[in-house]
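Next up: some structures, all given as structure tokens.
You will see chain A twice below: alongside chain B first, and alongside chain C after that.
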Partner chain A sequence: MDLLYFQIGGAPYAIPLEAIADVSPAGPVHPVPLSPPAVLGLAERRGRAIAVIDLRSLLDDPETEARGAGNVMRLAGPLEGAALFVPAEVFSGSGTPATSGHVWIDGRLHALLDAEALVKRAATFH
Partner chain B sequence: MDFSSYLDLFVTEAREHIGVASALAAKEDEREAGDAGLRELFRHVHSVKGMAASMGFSAMSSLAHDAESLMDLVRQGRIAPKPKTRRILCDALACLERMIDRAEARQPVDDGERAPLQESLRGLLRGTIEPGAAEPVADPGGSALPAGTRAPSTPAGCVRLALIVSRNGAFPSVRAAVVLGRLSRLGTLMRIDPPMAALRTGRFDGRLQVTLVSDLPMRTLAAKVAALPEVDNFTLVPAEAPPEKIAPHVSNASLRVKADRLDAIIEDVLELMTAIGRVDSGLSVESPGSPLANATDSARLLARRAYDGLVDMRLVPFEVATHRLRRAADELSRRLGKPVELEVVGEDVRIDRSLLERLMDPLLHMVRNAIDHGLESPEARRAAGKPAAGRVRVEVLRQASRLAIVVEDDGSGLDPRRLKQVAIERGLLTPLEAVRLADAEALSLITLPGFSTVAETTEVSGRGVGMDVVKHAVEATGGRLRIEGRRGRGARFELVLPPTVALVQTYVVRAGGVSFAVPLAALSRMAPMDDQGTTWRDGRRFWNVGSEEVPVWALSDVLGLATAPQGSGMALIATSAQGITVGIEVDEVVGRREIVVRPLPLPLSTLPGYSGAAVMDDGSIVLVLDPAHLPLS
Partner chain C sequence: MSKERTVRPRLLPALPGSIFRRGLTNAKGGGASFPRGRAVQKKLAASFLLVTLLCTAVAMAVPRVQTDPMWSAVLVVCLDLAIGLGGAWLVSWLVVRRIKQLASAASLISSGDLTLAVNVDGTDETADLARSFSAMLVNLLSVLTEVKNGAEQIYSSALTLSRTTEEVNTATAGIAEAAQSIARGADAQAHDVSRTSALTRDLKGSADRVAEAATSVQEAAEEASLRATTGAAAARRAADGIVELKHAVDASADAVEGFQVRADEIGKIVSFIVSLAEQTHLLAINATIEAARAGDEARGFAVVAEEVRRLADHVRGFADQIGSVTDEIRGGSHILARSIRESVTAAGAARELVERAASSFDGVLDATRGTTDRSRAIARSVDEQRLLARQVDEALERIVRIAQENARGTEETSTATIGQTASMNALSASAHELARTSDQMKILIATFRLRD
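Entry: the complex of A and B
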């Protein structure tokens, strides 16, 4: 399967390519007061506002280093309008399924992310 | 296109025809049958007949045919326009409309009501005409023209094209218009037979003859015509240029476009406007008169004109909804034995079609509510010195950017004390809260979920729509519901609506260093605050406006933003979801802006306090507040 993969807090993660509409460098993010903490805010893409979800806080990454440069990964299909904030380094490649919830990429085990579950979690995560 | 997409088109178009026809029939009730009105009525029923036949709904087309025959005889003076005739006609229209509803629900269109109705209709017809004459006219089978013939390679010049528009599915006249549109790109249309006017009335059997002057070689022309998916068969022969004047341009043809496709184009034009705005803001260093600045100005004007034109296409006169309101009023009036005069004012005001669709059930509910709960019995009315017949008035108002629909009655009105009592009984209010609640605010109690009991809603509305649903439906459109009424003096419900769904008039405000937009329609008023006018009580700030005391929240506190000094900003006065008048203090009001509001995307779509977000000309984002649902505590 075709995947995009990256590291967060030293741990490897992958997401199916078909779940992603596009990836582009993150620009300004407009904070939304009262929004769940995992939502960084709204960003503009092609004249529309998209919601940017901080993947790191959803994955319980304990590191508190400042969020530096990164990419915004816009989700596709029914999740259109939502996007994930991911690190600046994102790679694409193919992987083979491993134990449930994981894939092998270049001989290394990556945790496979489920876009829909992430969005649901972001809405309820406090 | 498959059958179901034709069906949607059929349902929309047929419903529109029946809507106008019913409105006309209702008018015929009031004044004596006018010939022009009757002709118009005939035309709409005739269209429904043709459309139903092409969809294979024979019961519907047969009923429409008999209704049409009846009108024809009335017009010829062979049947008197007696009340009975009118009633049968109105019943036939109602029956046709129910059939359309069933077609939409993918159910068999015919039901038990049609046959007896048609029997009495035919009884009337039999009284005047020969038996058998009222049988539906069979659809004549089109005789095929010879298949596409030789295509000479000489430049075509003036040619005569005979073609058969594909008979696959419904609406041949719509496809004919599409064909003509495509042909007009191949050359100049000189003559069309049947003429456009006949195509528009739907009297079209699929055969079309066109005289066309084209610069293309004959062979190319033939290939292009052959490639048209809407054309089944054609012949193309050279012809002499006709002496008569050029046929009216094809743009006179009306095309039916599905609303969502139109919306997609509107969305694109809105994005175009945003993009132009961004070019414009990047041009600020250019001198105002530079060629680039002028070109950007023209682009902005053209995009705006395109937007206005497209939005205008979405508008329909309120009249299309009137007959349903009248029918609901008539039915309930008969059932309850309460004579009612329903007055509709502003039928010519044009409203966004989808907005009207979303408001139809709430409006029906309010009219039924007014009759059932608002109006007293004829005896009680007489005793109170009122005319026996109750009055319900529906008024549609459009002033500048404001659109409102008012439903009012001259019935018993709303009694704040009684409403409070009911709210206490149903556990929606404590006795202490009831005492504190101002009378004007108590009227909003009827919009609380659970205020109307289930028994009441089903008995009254028949649809289980309570006033809470009405309020929710209105607020979902970006508007709000205002309730006024005094005991014994009738009640007044005003739906204050956004003028269009996408482009919204807002105030841009600032609080805690952040900009927000607030729809004008969501506010009742706005006023500067001062320290002298405010008092603190139980840790809550109140602002005295005239005789009213309004609780005030600072927006920066509500949203957890940096706090600005209180008491020097502007107060936005709105009505909360609980029906309480509240003040929301902001640091400043920057100005008025018309913006494109889109709902918040996932995972923020359920976040209360916002109705959406907008991207501004410079690419920045502004959140649009929903004052009624801000979490005030």
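Entry: the complex of A and C
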């Protein structure tokens, strides 16, 4: 299966390629008052506003500093109004499923992320 | 009768004869003036005639009164016997009375009382005897009074002489002590002077050594002067070399600065390449995403996108390596530039130091010239000092001789003082003996009771 993979706080994570619309360098993000803490704010992509979700908060690693400027992965399909902020470089590759919720990529085990579950958790995260 | 009167006068062993002779002469002169009498013979003849007449008268008168011849004869004999005995007693009383008085006076004189007065009335032989006795008493009194006065004067003079000899002895002891003190002082002076003389010789020796040291200082100063001249020239050459070195280092600093500028430019280019590689990487990922979305028909496109991504990652890796090498070069060039700047500063300081060293060498040169002059002056002073030390040594030898003569004179004084002390002690002993003798004489004379 095709995946995008990256590291947050030293831990390897992967997300299915079909869940992502595109990847772009993180531009300016405008904070939104009273939004959930996992939501960094609003950013502009191709003339549309998207909600940027901070993966560091959701993955219980809020202290990780962004390597370089970081990247924003815009979600595809019904979640296309949301994007995930990754404080690291993003790579593409193919992996083989391992135990539940994990995949093997280049001989290394990565935790497989579910975009829909991430968005829901971001909406209810306090 | 008191005890003094019972003391028998003794013969004095050494009474001055002049007093005696004068006294005897006076006594003899006084005795020659008395008249001589014959009254006792006349009294005896008259008494005899009277007794004879009375006996004759009794012999004629009694037979007329007493008729019995036997009783008359007995009566005449008894009466004549009584008349004869009465006449004899009367005559003997008249003769012996004055002799008894004189014997009593002689007894008093023998016990030492010369104050009594002898009755010299009358014209008979006993009166002559009493007058001679009285004259003898007067002469004796006069002699003893003179002897007493003389003994008192002798006693007083002996005491005075004894005191004087004691004072002289005390003074002589003081002189002897002072002489010994002077002798000791002379010894100490001789010792001190000999020590001072040794010190002076030491001073002379040290002056010689100072002269040698001054000579070697002079030589050392001349050598130092030579070396300072050489050193100053070398320091000036070193300063010139440092100036050239500084110019070379300045040129190196300029080159390093240019090199840094180039390295900065390389860094900027590498950053740009990294940025391009990152963008290419993201473009390749997005191409992969798009290819996946397009399905199996876009599989080839996906492979190309993957190759592009890998190339971009390689570029990124190389750019990172170039960047790190460039960073190292920049860091090294920074260190180099700092070292060069420090070298430039150090070269300036070194040049200053060397110039200062050159001027110090000049100062050393001046100082060595001064040292040479001064060491010559020291040598001259030391010569004068040696001369003075020799003069002081000679003067000290003279002082030693004078001190030895003084010591000898003081010893003679001390010896003479000891002799004088012995003489004075003998004189004092004689004075004591004289005082004791005169005291005994006074005691003897005190046994006589003289008129005040």
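To be clear about the criterion, the second predicted complex is superposed on the first by the 119 of 126 C-alpha atoms of A that agree within 3 Å, B and C clash if a C-alpha of one lies under 4 Å from a C-alpha of the other, contacts with A are read in each partner's own complex, and residues count from 1 in each chain.
Basically, a contact is a pair of C-beta atoms (placed from the backbone, for glycine too) under 8 Å apart; a residue touches a chain by one contact, two chains touch by 3 or more.
Not measured: the values here are computed from a predicted model.
Overlaying the two complexes via chain A leaves chain B and chain C side by side, clear of any clash.
Of the two partner chains placed around the shared chain by superposition, chain B is the only one that A:81 touches, whereas chain C remains out of contact.
Judged by the touch definition given at the top, the superposed model places A:119 against chain B, while chain C stays out of reach. By the touch criterion defined above, A:89 lies against chain C but remains apart from chain B after alignment on the C-alpha atoms of chain A.
By the touch criterion defined above, A:48 lies against chain B but remains apart from chain C after alignment on the C-alpha atoms of chain A. Of the two partner chains, neither chain B nor chain C is touched by A:59.
Using the contact criterion defined above for the overlaid structures, shared-chain residue A:111 touches neither chain B nor chain C, since it reaches no partner.
Superposition on chain A leaves chain B and chain C with their closest Cα atoms 21 Å from each other.
Looking at the complex, you find that chain B touches chain A at residues 270-271, 274-275, 514, 559-561, 598, 600-604, 606-610, 613-615, 619-621, 623, 631.
Contacts from chain C toward chain A in the complex involve residues 278-279, 281-282, 284-286, 288-289, 292-293, 306, 309.
The residues of chain A lying in touch with chain B in their complex are 28, 30-36, 39, 42-44, 46-51, 53, 79-82, 119-120, 122-123. Interface of chain A with chain C (complex): residues 2, 4, 17-18, 20-25, 68, 71, 76, 89-92.
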